[in-house]
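We call the chains A, B, C, D, E, F and G, going by the order they appear; numbering starts again at 1 in every chain.
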Amino acid sequence: MEALRPLDTLNSARDKKVILELKNGKQIIGKLKAFDVHINTVLEDAEEHSDGQMVRKLGTLFIRGDTIILISPSE
Amino acid sequence: MEALRPLDTLNSARDKKVILELKNGKQIIGKLKAFDVHINTVLEDAEEHSDGQMVRKLGTLFIRGDTIILISPSE
Amino acid sequence: MEALRPLDTLNSARDKKVILELKNGKQIIGKLKAFDVHINTVLEDAEEHSDGQMVRKLGTLFIRGDTIILISPSE
Amino acid sequence: MEALRPLDTLNSARDKKVILELKNGKQIIGKLKAFDVHINTVLEDAEEHSDGQMVRKLGTLFIRGDTIILISPSE
Amino acid sequence: MEALRPLDTLNSARDKKVILELKNGKQIIGKLKAFDVHINTVLEDAEEHSDGQMVRKLGTLFIRGDTIILISPSE
Amino acid sequence: MEALRPLDTLNSARDKKVILELKNGKQIIGKLKAFDVHINTVLEDAEEHSDGQMVRKLGTLFIRGDTIILISPSE
Amino acid sequence: MEALRPLDTLNSARDKKVILELKNGKQIIGKLKAFDVHINTVLEDAEEHSDGQMVRKLGTLFIRGDTIILISPSE
């Protein structure tokens, strides 16, 4: 059996809701539409959240990979 | 069907208005004219915005990719 | 005898509980499911801890390698 | 028709006046003489500006690309 | 005679006690078990020290190379 | 006619006095003896200057390229 | 005649006393034993200095290149 690779986890999260935490402390929630090996990421219906509250609707977003700390599929 | 790649999203936004957020906290709005794999980006008719207000007209801009946090096509 | 390589240590920790310390000062504990040469890492049942207390349940997490300081298999 | 690439914009600005903004907050104005793929840049007759005022004449300058945020051809 | 290379020094320190200083200001002491060209490093029986006092036992540690300032074999 | 490349400018400055500004805010003046594609640089008879005054004689210096903001040939 | 390259200067300083300045503001003095293209460096009989005074004896040191600002052969 092949060992799981980190991008497999992102691949399984395609078209699902994910939570991103960025190096500038912001939290973005949206539907994961695309990513690449640099972890450049595209979200749809993205929203910025703070303390469990939505603070801004952002729509479609291209996020540069090197600004991302973590990506959590929200089950 | 091929999976969508992050640069496809930027490609669809060519010649359209986009919002860029930079690592220095600035927000730039302009028409996306060009980008490359480093996310080096060229905007036309660019303006710096703050709290929904334009603060500076910047015209044509080459922006180095590593200073960009996100690019949002403004529908 | 071959010299041990750093990724061998991560490989032995697959499916086991590990403690990650991130550059933003956060501590994440979870089961190591995947990693790559950039140290991009996937944890399962991840929790954020502070001073020995759990502060947040995070579930499955993709963590970008360049935000990681250290990974400690918790025996 | 070929899509425009970011360096094409810099190429069109050769021998023209450009405004550079650096990561350390400084603004440099000068004639663009050379650049490369790292965005290492050479300006001639460069001046440091602050709030629309010249603060220092700098003459010919080699600027390391990774310190540059943006380059604006000043029409 | 071949000139000494930096990794030769790390190689001679394998299985010996070393002191690491990290970019976040922490000092880690442990037995050097593995390292690679990125200076990703594995320590065994690692301890965090501060002002000559042990503050935490850390056991086995994978440390990402780009967080390391220096490694000192402790003779 | 070939377009000028940034390193051509540094090449013309070999054996001449240059002013370097570093990311840590220091200004170094010296004779440019060598550089490479990373902009690693060697100066001879280098001096640290502050507000137009010499603060330290530094002699021969190897300076790592990624710490350099700009290099100005002082005509 | 071949142009001098930056690493030639380091090569001439092998087995001689050098002063290193690090990005964390520390100054290390020691005998240069080894270096590579990343400027990873090994010093012997290294000492940390502050304001012309020795503050710590460090013995043999492997220093990661990306933490180094400059290396000065002390004639």
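Definition applied: contacts are C-beta pairs under 8 Å (C-beta built on N, C-alpha and C of every residue); 3 or more make two chains touch, one makes a residue touch a chain.
A quick note: this is a predicted structure, and the numbers were derived from the prediction, not measured.
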Handout entry: Mutual neighbours - chains that touch chain C and chain G alike
Key = E
Exercise for the section: Note down the smallest number of touching-chain steps it takes to go from chain D to chain G. Expected result: 2
Practice task
Would you mind pulling out the distance in Å between where the CA atoms of chain F average out and where those of chain G do?
Solution key: 19
Practice task
State, to the nearest whole Å, the distance from the C-alpha centre of chain B to the C-alpha centre of chain F.
Solution key: 34
Problem - Of all residues in chain B, the ones touching two or more other chains - result: 66
Completion exercise
Around the ring from chain A, first stepping to chain B: the sequence of chains is A, B, D, F, G, E, C
Problem - Parts of chain G lying in touch with chain F, wherever the complex brings them together - result: 3-10, 23, 39, 65-66, 68-75
Exercise for the section: Using the touch rule from the top, collect the residues of chain A that touch chain B in their complex. Expected result: 11, 14, 22, 24, 33-36, 40-42, 58-64, 66-67
